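I have a structure I would like to understand better, so I am pasting it below and will then ask my questions one at a time.
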Amino acid sequence: MFCYHTKIRLHHTDAAGQVYFSQIFTLAHECYERFLDEAYPLDTLLATGQVLLPIVHAEADYHQPLKIAEPITIEMALARLGDHSFHLRYELKPDDGTIAATVKTSHVAIDPATQQSIEIPNDLRQALSNLHL
Amino acid sequence: MFCYHTKIRLHHTDAAGQVYFSQIFTLAHECYERFLDEAYPLDTLLATGQVLLPIVHAEADYHQPLKIAEPITIEMALARLGDHSFHLRYELKPDDGTIAATVKTSHVAIDPATQQSIEIPNDLRQALSNLHL
Amino acid sequence: MFCYHTKIRLHHTDAAGQVYFSQIFTLAHECYERFLDEAYPLDTLLATGQVLLPIVHAEADYHQPLKIAEPITIEMALARLGDHSFHLRYELKPDDGTIAATVKTSHVAIDPATQQSIEIPNDLRQALSNLHL
Amino acid sequence: MFCYHTKIRLHHTDAAGQVYFSQIFTLAHECYERFLDEAYPLDTLLATGQVLLPIVHAEADYHQPLKIAEPITIEMALARLGDHSFHLRYELKPDDGTIAATVKTSHVAIDPATQQSIEIPNDLRQALSNLHL
């Protein structure tokens, strides 16, 4: 499991006084990017241009609203690891121990040149496997 | 079916050169707000404070990337209408007739004072029903 | 003068109940992109890679808050046209005829290969000049 | 001077491959909110409803592009402290010691009930003064 600590900021919220629903996905992706920082940096990935990891499915369940200035821990776990794809699962947890939201993302490895799916690079596969344990 | 015509703008995109995944949800919600403009204006809803319609579930399938300056039509349909909740389904269609992404959102009517689910207001129910036909 | 009609949406607002300050810049840039659609499409610009038009300065004055579902007209005018740069000025006007915010952006034409400033492309210069009149 | 360490994420960038211009303001405001966390929490401020601190002017100078996954330090300093208003200045610094962008924001203290300017609350004034030294 990979943990990312962050805080709800004004730009995450909307006029209903809580976090705007699509920002939950952005927060989950920040956690994923933090994981990639150590495992398989996104800047290197984009610069080398040998693989892209587009999201083909994303979903979220909203259990309770998140408020401005609220500290949250995002816990990311591997849900499935295939040859050409992987599924991640995130829980957004305020300090009270509840789960405010659950997010899932499904990623496919593709070759930018051909747009065909390819095998997940070894370094990333290794890092994802470690996440699993 | 309710249709909303818009265009992909620079702020929707990211360094991978396509629309950032969570912006698909924001674009779908703009379509929903356009529908509410005519059916049950969100400013009135927030001002009167008698009902909130939070999203309890959202999901998206990404079929093909959307590029900057690309015109899209978002078609919104009613997927389910319950007593206290409704489900919407959106298709994001570029001009070539394909479906770039499909989005679903589930909304619950709650009383802001008690945070309990309540019946969907009649005006909104009527507008959603019309959408169905 | 170039006019762009739009509406304040939930994702523009924050928990203080009004438009979040940096969204004013995004709204102004949408107006600029709408202008470019007709004059010098941004997708072509990014695809050909012969010129970039980065913003080197941006500023906004906020005169009155903008609320959700509020229709606004953004009026964009040319403030200055140099050989290698241009300055734009935007007024965000709600329906009551007041000016809610004023935005300025300064753009420089640069060669992506050398990162040196170059002359503004003729098509764009012409379109900007028309804007002036 | 108040320092905030963060990192450029995918959602900050656009299809031109760098940070989208208005995200610079959002990043600066995150720094300001981090400062308020310790000095005068924004959640308390919004909950008590005795003062609002809207931004009446914001500007940015962009010196060099910021790329995805780039670590930055945002240094925030007090530029001016009046009876009813204060001005902040931010420098966004990548690890190479350069200044990628400079941001300024001007805030006014107003009474939400009357919308008239009022004196800056003492706690906040004290925290801002400390920032100055």
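Going in written order, the chains are labelled A, B, C and D, and every chain counts its residues from 1.
Basically, a contact is a pair of C-beta atoms (placed from the backbone, for glycine too) under 8 Å apart; a residue touches a chain by one contact, two chains touch by 3 or more.
Here the structure is a predicted model, which means the values were calculated and not measured.
Student: B-D versus C-D: which has more C-beta pairs touching?
Tutor: Counting C-beta pairs in contact, C-D comes out ahead.
Student: Which one of the chains is farthest from chain A, going by Cα centres?
Tutor: Result for max centroid distance from chain A is chain C.
Student: Using the average of all C-alpha atoms in each chain as its centre, how far is it in Å between chain B and chain C?
Tutor: A distance of 27 Å separates the two centres.
Student: Using the average of all C-alpha atoms in each chain as its centre, how far is it in Å between chain C and chain D?
Tutor: 23
Student: In whole angstrom, what separates the CA-based centres of chain B and chain D?
Tutor: Their C-alpha centroids are separated by 32 Å.
Student: Which positions in chain B touch two or more other chains at once?
Tutor: 10-11, 15-16, 18, 22, 26, 29, 46, 67-68
Student: How about chain D: which of its residues touch chain A in the complex?
Tutor: 7, 9-11, 26, 29-30, 33-34, 37, 41-43, 46, 67-70
Student: Which of the residues in chain B end up touching chain D in this complex?
Tutor: Those in contact with chain D are residues 10-11, 13-18, 20, 22, 67-68.
Student: List the residues on chain B that touch chain A in their complex, please.
Tutor: On the chain B side, the touching residues are 15-16, 18, 21-23, 25-26, 29, 46, 52, 54-62, 65, 105.
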